[in-house]
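Each chain gets a letter, A, B, C and D, in the order it is written, and its residues are counted from 1.
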Amino acid sequence: MIHYQDILDAIYLELAPHFGEGRIATYIPELAKIDPRQFGMAVLTADGHLYQVGQAETPFSIQSISKLFTLTMAMDAPTLWQRTGREPSGNAFNSLVQLEYENGIPRNPFINAGAMVVTDLILAKHGNAKEAVLRFVRHLSGQDHIAFNMTVAASEESVGYRNKALAYFLKSFGNITGDVEVVLDAYFHHCSIEMSCTELVKAGMYLMNHGASSGSQILDFSQTKQVNSLMLTCGTYDAVGDFAYQVGLPAKSGVGGGILAVMPEQFVVAVWSPGLNEVGNSLLGTRALSLFTTKTGMSVF
Amino acid sequence: MIHYQDILDAIYLELAPHFGEGRIATYIPELAKIDPRQFGMAVLTADGHLYQVGQAETPFSIQSISKLFTLTMAMDAPTLWQRTGREPSGNAFNSLVQLEYENGIPRNPFINAGAMVVTDLILAKHGNAKEAVLRFVRHLSGQDHIAFNMTVAASEESVGYRNKALAYFLKSFGNITGDVEVVLDAYFHHCSIEMSCTELVKAGMYLMNHGASSGSQILDFSQTKQVNSLMLTCGTYDAVGDFAYQVGLPAKSGVGGGILAVMPEQFVVAVWSPGLNEVGNSLLGTRALSLFTTKTGMSVF
Amino acid sequence: MIHYQDILDAIYLELAPHFGEGRIATYIPELAKIDPRQFGMAVLTADGHLYQVGQAETPFSIQSISKLFTLTMAMDAPTLWQRTGREPSGNAFNSLVQLEYENGIPRNPFINAGAMVVTDLILAKHGNAKEAVLRFVRHLSGQDHIAFNMTVAASEESVGYRNKALAYFLKSFGNITGDVEVVLDAYFHHCSIEMSCTELVKAGMYLMNHGASSGSQILDFSQTKQVNSLMLTCGTYDAVGDFAYQVGLPAKSGVGGGILAVMPEQFVVAVWSPGLNEVGNSLLGTRALSLFTTKTGMSVF
Amino acid sequence: MIHYQDILDAIYLELAPHFGEGRIATYIPELAKIDPRQFGMAVLTADGHLYQVGQAETPFSIQSISKLFTLTMAMDAPTLWQRTGREPSGNAFNSLVQLEYENGIPRNPFINAGAMVVTDLILAKHGNAKEAVLRFVRHLSGQDHIAFNMTVAASEESVGYRNKALAYFLKSFGNITGDVEVVLDAYFHHCSIEMSCTELVKAGMYLMNHGASSGSQILDFSQTKQVNSLMLTCGTYDAVGDFAYQVGLPAKSGVGGGILAVMPEQFVVAVWSPGLNEVGNSLLGTRALSLFTTKTGMSVF
């Protein structure tokens, strides 16, 4: 019998002296304004209990965690694995080097280039990629008020030269079929979605639950395992080995300071703390998850 | 209740028409002579049952699977994680490129350069790295007859120019402290160790068992999880993402055609089939493990 | 006493059986339509004589030869050598790899990224970079009818995704200060300028003449030598070593099939033949220049 | 009429306040002991006059300048240009990266890997590559006392791990046919040859003289131009563009602080000053040559 609430409370106490550590992502002007001393955490267990600590209900910019939801939407696209690989990149998330050496095929759907290809697939299927993803996230979490932060989206768009470079580079290899500016607009908006830890664990329920979530089957048994495996090998930027070593759970992180992780059949956990470590994962978020798997004794290894 | 023997038999039947597929590693003259149509598999469960199919008792060259045992021996070396990283490389196992960009620190202990650094650590501690590893493997498996194949070791040494280049490159960065030729000699001998699938699952028992194996504690609880995580993120050459996607188990492969995999608290499984896929993992071995996790419904995801 | 006309005639005769060899640049739809069997050559000597053979007066798309003129215009920009290097790249002319490793500083002003930075410098100084360069080329050659080919410019712009990627990548490093789309528009137009071999040798007169050209001083003594040195070490894509070995003259080539070369104090020579070799220099143009330096016995070496 | 002696004297005076600047190559223990305040320069003109200033007769370690002489010896080897390229590398002289990407074919004969291939060619032809090169250098300069510095050779051999890595890497690609240790031994000895500036200009006479030197024809007319072109595009490490821009002469430098340069049909010039700039060329040597071409008004551009 694991006492999740006690564990969350203990983690909060242990990390409280460190709140504010790490560096905020400043390349997006709007994100740079955030108060770095915030910390929230939420756990949803297989038996339906929800546990929270700190600012578990404060919405924040999910940024690259959105790549988990776009991938989920595209898992049945027939050309998905022709147009992106599924290997860790061994390089920065926004690197163009590997893309050039590997002829425009991104290493995996969780680096920026891969997520743009996935967005392009969603665009081809749904017409309006921007709205389709927002609708999907609302459906997953059962929260209709979830929305883009238009200021953040505009902020990213105004300085997102490297992402523009990536998108045009993909287009030059023929690996974006839609209009580059439309794909980028959708991509920037997905990153700007705001959710709380509590909303994230609800949205991620299907990951622990063989693909099922509040009555609907989001993915099948196999696909769910596949998405979880991709989170573990590619989900935490250029630190997947270290993250698996420290935490031992499939996870997807974002530069907004959020991380969503899953222990299949057991729990979904989300944590948020804006300060990042040197590879771009939340510094205290990673530490909180490491404490969580140590204290619960539960990890996939 | 999983019927392991039935599952092994079914896998054997399903793969039998494909025996001999894949390409044998021919760069080591002695390995090129092997009969490619061989196939063996063994499973050891947490409750102590052993299941076998095919040539489960035929010894073969474990090659890079030895890197798992050398890493295990070095897990308590204080400088281990200063001298090697723990990230997937995203490059070929014998590439020098990343080593140059990253100043002589190998990406992880499972690529050749990393294993040489580990061998150097063992050399510094045990004096005779070559024999120390052989003794350790015999102890783990309880099989005193396990031995080097001197012809294979000599064969690798005679053509191992790239490995020599790697070792001298490491030395140029100061990341080999011992004599380069001594380290290489030990390294080539470790790769030449011959074991059967059955011996491998016995040797790997500690990986499913929180570090305990036939009365001795090989690694502690945490270290065992860490080694398993490294197998998952770095253990199968430049295909860890795909392997996790297809198989979903921590594993270490070798160009001799063997793969050792583990489901914590449940089972250790070893498979052997000499034909390799394009990244150097056993072609039918990978397929067998994929069938195994599908049919048992058990993987870490 | 060198008989230039005889030499040109002999070269024409020798190469005539090969007219049409090489491959046309097809990535720009408009250029792909050209008749590959054309060949022209013109020589302007220090004493003012002009020699011609073949289609020496047929205008063609100068493409990257324009980079020579834009560099010349920017030679007195104070930040030029902070914003671009002057080393051969060792990579394809449109590679993004080196740019990423070297933080957005292009290797030299003759690769695409470097020419975009130069265009940005001209934009900052002249306001209208597009027209400023055209005016400059008209002035150099004394030919007011020289113009952009608007169809070629539009053609390049419509498929120039890789160049867009390069420009946004430069912008992401802060190495383009102006508006990316304005820089690109100017860049594409410069490449689309059409000139004949005869017009090119007139425009290049300053390169053999210590910077002086028809009464005006385009560059000073030192700058002229510097531009010539840059042509030799960086002017012929990723084949500068081979070009120096075969031809032995400072030169700038373009994918339209033109090459402009100079023997200081002696002559300027231009050649045009649309078929390219595997690195993007005119196949017969390179051969013609090699014959020219052999037959005249004149090269810088 | 150029007053060479006056120019040399003026250069000496101008640079004297800077003697000792730059950093000595310290990776070879024996070279690290040198007095950094030394400076010598010698010029040999086409009409046979010799001009000297400073320590023009002090022997120093020619290091990579030896690569010029080994290349000269191998210019008629039929497989030379299959086994090495002739392009600037764009990378450090001892990089292994490019060698891996380009399958063991060094970019040019002036980087370490290329010079090892050249040494291997000489070994195949002469049996004793070590002595053959020494004999050749003695013959070129007419100085029979020129010798290896055995202490320097041993010093380089004892720490030359990166060069060993390079050599074994070449061997792994089949681009060294002889015994690696024999090739390395010859290579290290060639680098250890000691010559003075005066001896170097005599040895380099053929480079300004269409291949002829004191009665014998070392190279033919074409080959001489080719070697000069290779010096210009590949002779000064990863700074050929900058060197051509500043100096404007074909040249070969060494980490011992020497540089040998040539103005075809006019002069050979050698300079020596042990302090190096950040790319490994003599700091004051480069400045001296820049002053020399400015003051004489003579460069190939």
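Rule of thumb we're sticking to: a residue touches a chain if its C-beta (ideal position, glycine included) is under 8 Å from a C-beta of that chain, and two chains touch if they have at least 3 such contacts.
Small disclaimer: the values here were computed from a predicted structure and weren't measured.
Relative to the C-alpha centre of subunit A, the farthest chain centre belongs to D.
For the pair subunit A and subunit B, the distance between C-alpha centroids works out to 32 Å. Inter-chain centre distance (subunit B to subunit D, centres taken as mean C-alpha positions): 47 Å. Subunit A and subunit D have centres, each the mean of its CA atoms, that are 55 Å apart. Taken residue by residue, subunit B touches two or more other chains at no position, since every residue touches fewer. In summary, the structure contains touching chain pairs A-B, A-C, B-D, C-D. The touching residues of subunit B, counted against subunit A in their complex, run 85-91, 98, 107-108, 222, 224-226, 228-230, 232-234, 238-242, 244-245, 248, 250, 264, 294, 299-301.
Those residues of subunit D whose C-beta lies close enough to touch subunit B in the complex are 95-97, 100-101, 161-162, 164-169, 171-172, 180.
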